[in-house]
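Please read the structure below before turning to the comments.
Naming follows writing order (A, B, C and D), and every chain is counted from residue 1.
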């Protein structure tokens, strides 16, 4: 990154400027635990590949990963089970459908989820995680994620987890269809339970940015010498994940985001965005007020602004 | 690029190695003029941003742009008519459907083509080109394209053009649906005629690589000083185009290609691939034997090999 | 029919009662010639199989057949070209889609229109009519229809024909898709022209009821002795047509109408309904104010009332 | 019916003739209990509205109702809960989709199953039956059905029930989607359990024919005086059911069957067909070898033959 001070000022300015976007957004309200988020909350952080962290606003406010977890589950399962185990059951192609659509499972000749960034793909991956219960699998996932986020451990938001499990009729429908297609390993209910737990993992923007920096180093731990040498994720898993974040990371707004920011990113309805600028830095943002596509309104504004001002457009 | 000599050797090796992939592919046969292509033909070229050209195999063999033209039509219409004129009529999102699908025009609430890289989007763009007849519009397109390819002018392959126009029932169906949606400017038949002519533009791999180098410079002409300063395409058009090539450039294989190569590219059933490595080089390849998704089998092998060996993965 | 007098009184009562339904409907307005229809117009007629005609309200007001023509085109083409020529190109199954949908032509493995009562099926049938131009084919169709309606000849509403031809982008899209599937005989434009002309045939409710009586006699001319013996339509064509009217005759309201009336019927956006009660009578109704599904609001009320009061429910 | 003797000879001839059709069919094999059925088994029965029973072949062989149960569940729930309770949650329209498709639940604006003859509709109806567990509901269903079939009670095929419950991933997927749409009353698992039990009800062709005779009398018990006067089903329920059997009773072959037979019928993959000829008779047939659409090959041949020879075509 250019001078730390200039970047800090830029970050402060973008966080401040994003408050207007936040006011135009809406907090997810399909479960009470998410509906209680403060829509005006905005925070962001950058971790350089050297490991330097800059933060602004509510960069330490806790929120649940939700779909951001898909960008961590993917390298976790690739590293744990191998690429073949994953991509024999899930595709690599973007789909123009909503994240929770079931139509293509029936209509497409592919007979598997189009990619791991939609719910159907993520439920399959949940079933492939080491362990046989949702609880065991989610514990393993949290361990892998904690290393990427630079934390000793990660906690589960019990209330969010319970709410999601109680209202997940559509996801249950998807999961049983996946079982019919032979894509779920083990019990459907355990695959779902693991998925709900993974989505309910508590994080903050600061630690997300560290995960982004690891992706920016193709899986190495950020550190003083442009990569400490400690590998947290295989290089292949990092590249696969970033490629799929690029085409499928922001729901129905993935293409438009790629035009504006030109870097891989993944959003979640909890308000988080994780982004990665190759060889430069990772970005984490928080803002629970969502745009109509389900992406953090403030987060989009901040990440696009950082890409524009820091010249991160990678394509 | 590293040393020119090493790159030349790499290119030669990849072109040679791609002949096996070519043998496993199939030449497009929906019109006789394409069916006559020699499936064993393979060629490729790299143009660095400094303007240095390396080539190997049949890098000067002529073929028609076909869908590669979509990656040139897009910046042409953005530069001629403005971004709003384009994206009020066409989206920016990938679609999991085949390139010539009509379903979403009816089924989706978007009521416009998902992106400019599918036939429906390209027909809309054809109707937006300056001029009122297909002939006028295609002449303008060829002029714009010639500058990008570093040539004084480009020719139309009359036989391919006539064949396509005579067998284009599905494209006619798409075009009338677009007219119903109010997305075609002027006459449907002229939009189609312009589109067929644009697809039948004659090029070779060497000149395609120069176009890729221009995209790699965000629209500047390749030249000795890392960009000659002469702008052939607006910076915004270049970025929009590269972002959409990245998520939608290789038909139903776009996502898998992004995983392997990690750079923007666009293929056509004439056997060409155009690719661009930011700040580094452009790549053009030719190999009319196609894989099941309609992408040049040899071309994929070459471009992915170059990305891997030269470290072009951008994400 | 029971006593002619009681039936006349019933008919008068139902026509009068249907005026309220008419007021809640909306005249078709996609072309000016249809938009000028008086929404309050209501008329109906019954022709017994003995050939006795009862009429009420505006049973002699002229209107265009529109989709009612599909129930006449089907037996015409079956009788002229044979059942195999028809059903090798068009199915016999209802579809849950709108009458002018194109989706299944691409999405379904059937690769032909589901039935002859949707636009796609009717355009295929238009191309199969004797003659090579739309004008010739429509003249043949009008001749066949005139015999069924008990008239010496039928006229074309030139204004409606011209309007439809000028605004038929969606139908053109369907027709080119059908051409791609190899289902249109001859020129696409002639198939469309014939279809527009067929839809623009001028009729009234009284003569429609006579056509219904002919169907009620499985194709015999209505007459004093319970069928005069003169055959206007093959028995097979009559049965096929009535079966398809039953499952597909009233657009997205076919199933609900079958529940209420239990007899074959076909509606058109010109405001007509043609119905047939086996061995009993034919019914024709007119009322250009349409319900949200495109069926004559008054007509539904009248035909359902007649079925209920006269015990026509056939299933 | 004409003379009992002539009809008996006709029935014998048709049953004999159907053995060839049976040999061309295939027994359902998605569960072992069905796969063990003898494909050459053929039987049929007619019950006149006067209550006279004629039978031929294996008319007393037991089989499970499977989808034939939908034609009994519908009047049961209409009579138990009222028409509004049913049709606020399920439509009356045919759908061109397979019986177990989930697509329209997501894609259609209707947001409810198109009709009660597809799995989605039947699962909703199962949830509306009196009782709160699947077992209670199925017991009530069997009581209602037994009266229609003229038997003191009906038994559950435990093995088929258990197999279906164990392999019903697709139905579970549908049921959870219905829950998401707010269409399932009570627990999803109980709605499914009731549905599996209902499908596994043991019947034979002879008793099915008696049920058909009851429908032929609009719900009255067949008996010596052309209807004994004892009402087993409301008249409205009978008519609604017959109308929906007519357009949706034979899976993707409903339209073709209506053309050939012209009477309401419902088939099941257990090999049964239930048909009804208004004011004449009921028909039951058995033949577990199915045609590609899932309808009993022998049964189709027999029912279409009876309609043709006895002049049952009702439209």
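We take it that a contact is a pair of C-beta atoms (placed from the backbone, for glycine too) under 8 Å apart; a residue touches a chain by one contact, two chains touch by 3 or more.
Source: prediction; values computed, not measured.
Visitor: When the contact pairs of A-B are compared by residue number, which of C-D, A-D or B-C has over half in common?
Guide: Match found for A-B within C-D, A-D or B-C: C-D.
Visitor: Suppose each chain is reduced to the average of its Cα coordinates; what separation in Å results between chain A and chain C?
Guide: 56
Visitor: Cα centroid separation between chain C and chain D, in whole Å?
Guide: Distance between chain centres: 32 Å.
Visitor: Distance-wise, how many Å sit between the C-alpha centres of chain B and chain C, to the nearest whole number?
Guide: 49
Visitor: If you look at chain B, which of its residues touch at least two other chains?
Guide: Chain B, residues with two or more chain partners: 107.
Visitor: Taking chains as nodes and touches as edges, what kind of graph is this: line, ring, star, complete or other?
Guide: ring
Visitor: Can you give me every chain pair that touches, using the contact definition above?
Guide: Contacting pairs: A-B, A-D, B-C, C-D.
Visitor: Touching chain A in the complex: which residues of chain D?
Guide: Listed in rising order, the residues of chain D that touch chain A are 101-103, 106-107, 169-170, 172-177, 179-180, 188.
Visitor: Tell me, which parts of chain B touch chain A in their complex?
Guide: Touching chain A: residues 91-97, 104, 108, 114-115, 239-240, 242-248, 252-256, 258-259, 262-264, 276, 278, 313-315 of chain B.
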